[in-house]
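Take a look at the structures listed below.
The two complexes that follow have chain A in common; it is paired with chain B in the first and with chain C in the second.
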Partner chain A sequence: MDRPVIRALSTAALLVAAPIGAAAHQLVVFASVDCEAVTVEAKFSSGRIAQKGDVRVLDGENTLLTETTLETNGTATIPLASVDHSTGLLIEVDTGGHDNYWIVTPEDIARNCGS
Partner chain B sequence: MKHLLGASLVSMIAAAPALAHYGMIIPNDPMISQDDGREVALTMSFSHPFELDGMMLDRPVSFSVTHEGAETDLLGGLEGETIMDDQGYTLDYRLDRPGTYIFAMEPQPYWEPAEDAFIIHYTKTYVTAFGDDEGWDTELGLKTEIVPLSKPFGLWERNVFQGIVKLDGEAVPYAEVEVEFFNEGGDATVPDELMITQTVKADANGVFTYAPPSHGWWGFAALNTADYTLTEESSGEEKDVELGAVIWVRFEEWTGQ
Partner chain C sequence: MHHPLRSTLWGAAVAFVGTGVAAQEAPSVIAVNYPLAYFAERLAGDAMDVNFPVPAGVDPSFWRPSISDISTVQGADLVLLNGAGFATWIDRVSLSRSRLVNTSRGIEDQFIVTESITHSHGDGGEHSHEGLATYTWLNPTLASAQAEVIAGMMSARGLAPEADVDAALTVLKGDLEALHQEVATALSAVVGVPMIATHPRYEYLADRYDLTITSLEWDAGAAPTEEELAQLSDLMAETDAQVLIWEAEPPAEGAAATEALGLANVVFEPMAHAPSDGDFLSAFSSAAAALADAAGDLPAN
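And then the complex of A and B:
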């Protein structure tokens, strides 16, 4: 993994995340990855599934790659082939009142895909 | 006479087996965010945590993690390590998903001649990953266990910690709970040895409450005598077994004003 990329990605993510209000129930965003796709999951800290929300996918240089929306089960699927993931992916989820992010690093992709 | 009494008291204190034993599972951080990486580093030992006095921790009977209701055996992953000048273990564990991970250890019975009893401390600690605290109140179903009523991470110093003492799944009325600070840096001092180990009792429902005076790791050990005995090898005699339900909780430094 290119360390500067991770740092850049983390910094960018933190800048994005910094203005988030400290709501009583936070949004928890997570993304797992395999060779085919990134699966985004979003729920509130209360345990309730986030049934609606906008999903933005950015690369390690903070360039928007694609956008989608959450399914009613609180997930979204992004085919890996549809995005340039070489510098990692920053996944942002915004439900309107809450937002948060998850960083998929190139290491995550390599570990789970063996590439 | 007064002088003699003082000397006598000093010798009594020095001879007293005042030190409390604690099984220990200490993670590098009980709240792992994604910026912290994807792993938690655990250190396991058996010690007097305030005095930083280690004792031999033989390879445990079991060591596991429970996450989202699934228990995983981690015993084979333990690496021997010298902790507080005695045998302990370490483990780096990868956190694949958000949520609360509960690490638990059942040690082998420890023969303590000074107490003429064996000691078995069922020890656990809770680690939350990636901002998701779901599962923080999980009860593992151990032989004896402290079930947290306060979220066992993310507590400020001087917050109260509450838990229910259980033995064989049942609350233990008026259970005795020993509380001790892990004096990690060796900086903490006490005006009297009696203050190294604090003691509180649970109420009629097995619920106890304690508020630590400072941030850091605090160990809570609820002690009961088992309804069975074990044979002490050198004498061939049957001896009592002290069952400890131990939970380690880190309190955070208050950063507000």
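And then the complex of A and C:
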């Protein structure tokens, strides 16, 4: 079955370039956790690795805990011992033009730490 | 018969989880938008606690939950997803797949692909993207299919008595079919009549009822700027539209400005949040009637 396509007029499209572009051209952020550290991975929705970017780690009250940068392989490692993770961690990555986040809850940490 | 959504309990639920008191008398359901929460309420009755966690005034498509919000979501027995790319936050958290319900599975072939937006940034040059229209529930037939998926999962997981869910589903599907018939009758008078919407929310409505709606991207609740009004004027000339559809009651100055251009203003709440008056069925019906009243005497293209 053919999928219908809604064609926005160009005049309208001009109005939405920034917000839709940001959403469609997404930076994908993922964070996994074990008992030692949170490992952050960032890549673009195209599959291309984000080789540079700022990583901000906030707690459950949105207080900044620490900052770091992505390695050239698109990852960053945050040792759990270096941050107060009792209220969970909000991981923000900003590559300059694209940004996204991942939420690590206290339950995620407990579950992946085997407790 | 209908239970008010228990969104006011959301804060309490968060507090419970935060303090480690997780005991719940009834299984819990989290929905990513109001229509899914409404359907779940109708289907589960008192057997389940249904919550729609997005605060008023926040677009549920782009809600950014707090860590404690996600802790609560992770503790839910079911998380009702809309699919079609609605609610981007679900891709930024760890959720148990066994608890996720993609309510639009089975209707993917009816998703509407939205035309690309041309833009440029970085070193990628000018390019464009396609996306999916997300407000599936504005086609009552698709909404009915989504309700059926919810009912199936409630029963399959043993979260509510199957016979009760089946009975409730029969009634709900009947209500949605009646809604469809009512809306189809009302909107039959405006088939082909060119209209403009302040936001691209109505793709599935337009597709179901053969409406001709061209969308802008105005900020919800904000009065249009001079530039936006100029572009609206150009769009009117291009489409011959004489009706402007708003997501919510427009600011007085905005309504006056568009009226001055010769447009009839109509509010059609797309209901990602609960409507300002009534419920999914009554608000949908009222909005369709208002649209028919505004555009019913206008010529079709």
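Here is the rule we use: the second predicted complex is superposed on the first by the 92 of 115 C-alpha atoms of A that agree within 3 Å, B and C clash if a C-alpha of one lies under 4 Å from a C-alpha of the other, contacts with A are read in each partner's own complex, and residues count from 1 in each chain.
In the analysis below, a residue touches a chain if its C-beta (ideal position, glycine included) is under 8 Å from a C-beta of that chain, and two chains touch if they have at least 3 such contacts.
Not measured: the values here are computed from a predicted model.
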{"item": "First, second, both or neither for A:97, with chain B first and chain C second", "value": "second"}
{"item": "Touching partner for A:88 - first (chain B), second (chain C), both, neither", "value": "second"}
{"item": "Touch count on chain A, higher of chain B and chain C", "value": "C"}
{"item": "Touching partner for A:47 - first (chain B), second (chain C), both, neither", "value": "first"}
{"item": "First (chain B), second (chain C), both or neither touched by A:106", "value": "second"}
{"item": "On chain A, positions contacted by chain B and by chain C", "value": "14, 28, 100, 102-103, 108"}
{"item": "Complex contact set, residues of chain C against chain A", "value": "62, 64-68, 70-71, 74-75, 88, 91-94, 109-115, 117-119, 121-122, 129-131, 133, 200, 203, 206-207, 214-218, 228, 231, 234-235, 238-239"}
{"item": "Complex interface listing, chain B residues touching chain A", "value": "34-35, 38, 96-98, 130-134"}
{"item": "Chain B contact footprint on chain A (complex, rising order)", "value": "10, 14, 26, 28, 30, 32, 43, 45, 47, 100, 102-103, 108"}
{"item": "Residues of chain A touching chain C in the complex", "value": "1, 3-9, 11-21, 23-25, 28-29, 59-60, 62, 87-90, 97, 100-108"}
